[in-house]
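Please find the structures below.
What follows is a pair of complexes built around subunit A, which joins subunit B in one and subunit C in the other.
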Partner chain A sequence: MGVEYTSVQWNRQKRFYDFALAGGVGAFLLLFGVISKLLFPLITDEILLIRAFGAAAFVLLHVILCIGPLCRLNRRFLPLLYNRRHAGVTMAFLSLVHAVLVIITYHAGGDTNPILSIFKGSPLVGSVAGVPFQPFGFIALVILMLMAATSHDFWLANLSAPVWKSLHMLVYAAYGLLVLHVTFGVLQAEVSPIYVAITALGLVIVLGLHLTAAFKEVALDRSCNDTPGNDGFVDACALADIPEKRARIICLSGERVAIFKYDGKVSAVSNVCQHQNGPLGEGRILDGCITCPWHGYQYLPDTGASPPPFVEKVPTFNVRVKRGRVFVHPKPNPPGTRAEPGVIPVEKIELQTA
Partner chain B sequence: MIAQGILLMTGGYLMCGLVFAIPFALVGVGKIDPHAAHGSWGFRLLIIPGTMFFWPLLAYRWIKGVHEPPAEVNPHRCAARKGAQQ
Partner chain C sequence: MNPKEEFYIGWQSKAPPGIGSQVRQTVVLLLALAIVLGILLGVAQRTIGVSVFEWGKVKSFSGILKSQPYPHLLVTRPGAKAAPATFSSYYLVKPFKFGFDADAASRLDGQKVKLKGTLIYRANQTMIEVVDGSIEPIGSPEELPHATPAVQPVSLGQRTLVGEIVDSKCYLGVMNPGQLTTHRACAIRCISGGIPPVLLVRQTNGPALYFLLVSRDGSPVNKQVLDIIAEPVEITGEVERQGELLILRADPSTYRRL
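Moving on to the complex of A and B:
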């Protein structure tokens, strides 16, 4: 929403989360180091650092992957989503340190190019011979670097949100590759089955949360009725179903629509925020504007346009209020077009507030 | 041999991107996106790695004289555009 791009748009909340993030990562690395030294007193410093940074990145990746579905299941996790980007970049940085340390320790100094050396068999004694686990790590690292490099809003706008989102969906490919990287690498070198158990548990948590959230979404879309009446309007919901200054989400024209009730009026806009396609209908009306729950972009409910000097716009829909029900026309108006809000009859407002 | 070739080409591509990134971060970025015209130094530095990956796209937009980021495509925006043309 920035009028001019800066490197990071920090505010109090983001500073707090960044502080917690840095503290958490620092504490993890320290704890990992101390415990490793106690359990394996013979471990060299290089290997200790390699493992600590690799493990820190992998654990942070789990946290990051869980934030999305957690927010779909419970709104209280939304502040984490707002601050997820810096966690992602931190995770990419930790991975890079891990990889650079591995390359310096195992792959540099030989005759072969260090990158080629990663693909030519594993120098780890103890891992099952012939299973090349390092290329998995390498490809995952390339994906993570690509994502970190394009994390600024400039890329979101210039690659366009759907392309940018597809690019960042590659995180799931990276996660899959890393599960292989860890499984084939460390798990086979370590004798203790506890590593297998922890990795499997992580996988189950990530998958479980995603599936639960997905089922909830599918159920929501299924419950939508979008057959228009004679006047072309679709009977969307009962007025009483929409909480004041909030929205009800329905599905129309192949995408979700958010129907807001505020100040005795009803307006409908496309549910898709222009920033990162956050769900506008899960946001609230604050200071007279629909406020996206993800990063706080704002839109006027009747025009779908951000208040000046901002320029974001979403499509609007024509609405009518009749006999306590809300009717929405399925044809979207061009982004930023004013649609006359449906007016709630006065006796209805009194009834509802009574 | 083949692997070496691929590695060399990838390296070459990224180096071209780095060379392109310098004039792009200083001047080009402000041409293709009005929000970036007065972007801070930190912002300009931060977009260099991404520019190394996506430089052909950005170079194309700069040469073509594109002044705005692309409009987003989704079902509602497409339907609205179709309606407006009729």
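Moving on to the complex of A and C:
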């Protein structure tokens, strides 16, 4: 939640996160470098660095891409998601070092502009070994740098969440391009099956986790109830299905709605956090506020507005509680609009707390 | 608290115990993954051959400059002062990704020269990266009769060879490894800049062979081979020996991509 922007709002968890991140990247670079120099003492230093930084970036990208679906499948991985953008910026930096070294080593000092030289490889003529692989990497780098440059919440607020999220979904395009970059590049030069096996395994893990998480999400969306009653309200769920101070997520007219039960009341808000589209319905009511499980952004359940001085707002939905069931009107109210909470009859509260 | 009821918030000072424990285990696993992959990917790299670029060591050389098929220097071998003299052939190139100036080579063709440069070598192949402006003619042309017999081309017949076109400067030592797909972009720039293109023929039983590529009439083919560098290629042409150099004469349009 941001009122004013600082470069990084440090806290204990972020320090721990970055310490582990730097340790992992440092260990990889150091081991790869030392082993390469020991086994192949005549390797050119620039090429050694190109390989080390490129491999580190590609491995880290796999870890980053796995965090999202892992969190969808098991909420206990959420701490890995909390500061994921630092991992993303680190990965972009590793890629940049790799690319700058490639351009200086392989493209500069010749008869052509070094950037143009990247695109002046051999033509596509049906030879696998001849596919120009460096343009794939260059385009991926542009995407990664764009993402890194706009990773701060300042850009999230100024670009708006949907635009920012769409921009950052380009990471999948970058990943696809980098798989091509590696397949038509290093895999054509290396003879060890270990390189092919690791690349293939990484692809299978990333795709497998995303597909598994997607199937889980699709099951929720298929339960979408679009049939309103005469009063326009949709029978959403039983009151007993919602745990206290938590929510049940339902699908109304194609949109996910989080129905929270708290303090004898029921309120419904959009399931999409304004910060990074986190699933509010998987959050909790803490200190009277809906708290997003991704980054802890908070909203008042009846208004959908962040408590002052914060300014984030999400749409609310009109709610009624009748005969132990919760009814929600599928038409969202404008973000931040107060919707009268549904009141749980006293006997219901007593019955559930007994 | 029931571990299933735990709720993590990043801005809180501490994670709930169950979640914290799982995250620590995951972090340890990821660190182990970084270590294993760092070692595995390092060990699994393709063997890198012995090639040397004496970067920073500028030496003086003298010999007879020959401009064909690509500029090179014939250097009298030590201990071979009696006629007929025997010569080593050192390719000549400029710094960065440029071949030796063809016009300068033509002007000095057949003359004894001295120059300064840095050695690049691999197996029996040697190259000098010539310091700009350091070359100058010396001595008299008396040595030419000694040189001439050693550099007369001798035909070794029509051959079909399978290999990879590399730029001789990087492959011989400026970059190691200086071959295959990952080096292709550099090889294209180097050959486009005039570095002699060489067909590298790897032998299973024996050392690699190096064939300087020229057209059927003996002209440089730098610009014609740019689309087929660092790929498996088959070339049929006439092989000839010129001193230490092996030369493959073939029309680049007949090169066959495998």
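Please note the rule applied: the second predicted complex is superposed on the first by the 339 of 354 C-alpha atoms of A that agree within 3 Å, B and C clash if a C-alpha of one lies under 4 Å from a C-alpha of the other, contacts with A are read in each partner's own complex, and residues count from 1 in each chain.
Going forward, contacts are C-beta pairs under 8 Å (C-beta built on N, C-alpha and C of every residue); 3 or more make two chains touch, one makes a residue touch a chain.
Quantities reported herein were computed from a predicted structural model and do not represent experimental measurements.
Peer 1: Once both complexes are superposed via subunit A, do subunit B and subunit C end up clashing or fitting?
Peer 2: Subunit B and subunit C fit side by side in the superposed model.
Peer 1: Using the touch definition from the top, say if A:L31 reaches subunit B (first), subunit C (second), both or neither.
Peer 2: second
Peer 1: With the two structures laid over each other on chain A, which partner does A:L80 touch: subunit B (first), subunit C (second), both, or neither?
Peer 2: Touch status of A:L80: second partner only.
Peer 1: For A:T150, is the partner it touches subunit B (first), subunit C (second), both, or none of the two (neither)?
Peer 2: first
Peer 1: Is the number of subunit A residues in contact higher for subunit B or for subunit C?
Peer 2: Higher number of touched subunit A residues: C.
Peer 1: Could you tell me if A:P334 is touching subunit B, subunit C, both of them or neither one (first, second, both, neither)?
Peer 2: A:P334: touches subunit B, not subunit C.
Peer 1: Just subunit B (first), just subunit C (second), both, or neither: which does A:S270 touch?
Peer 2: Only subunit B is touched by A:S270; subunit C is not.
Peer 1: Once the shared chain is lined up, is A:R72 touching subunit B (first), subunit C (second), both, or neither of them?
Peer 2: neither
Peer 1: Minimum C-alpha distance between subunit B and subunit C after superposition, to be given in whole Å.
Peer 2: 16
Peer 1: Could you please specify the touching residues of subunit A with respect to subunit B in the complex?
Peer 2: Subunit A residues touching subunit B: 2-8, 113, 115-116, 119, 145-146, 148-150, 152, 154-155, 157-162, 253-255, 257, 270, 272, 274, 277, 314-315, 331-335, 337.
Peer 1: Please name which positions on subunit C make contact with subunit A in the complex.
Peer 2: Touch residues, subunit C against subunit A: 6-15, 18-20, 22-23, 26-27, 30-31, 33-35, 37-52, 95-98, 174-177, 180-186, 188-190, 192-193, 226-232, 257.
Peer 1: Would you tell me which residues of subunit B are touching subunit A in their complex?
Peer 2: Checking each residue of subunit B against subunit A gives 3-4, 7, 29, 32-33, 35-43, 45-47, 49-50, 52-54, 58, 61, 69-77, 79-81, 83-84.
Peer 1: Quick check on the complex: what are the subunit A residues that touch subunit C?
Peer 2: 9, 11-14, 20, 23-25, 27-36, 39-40, 42-44, 46-47, 51, 55, 59, 63, 75-80, 82-83, 105-107, 109-112, 117-118, 120-123, 125-127, 129-130, 133-134, 184-186, 188-192, 194-195, 198, 283-284, 286, 291, 293, 295-296
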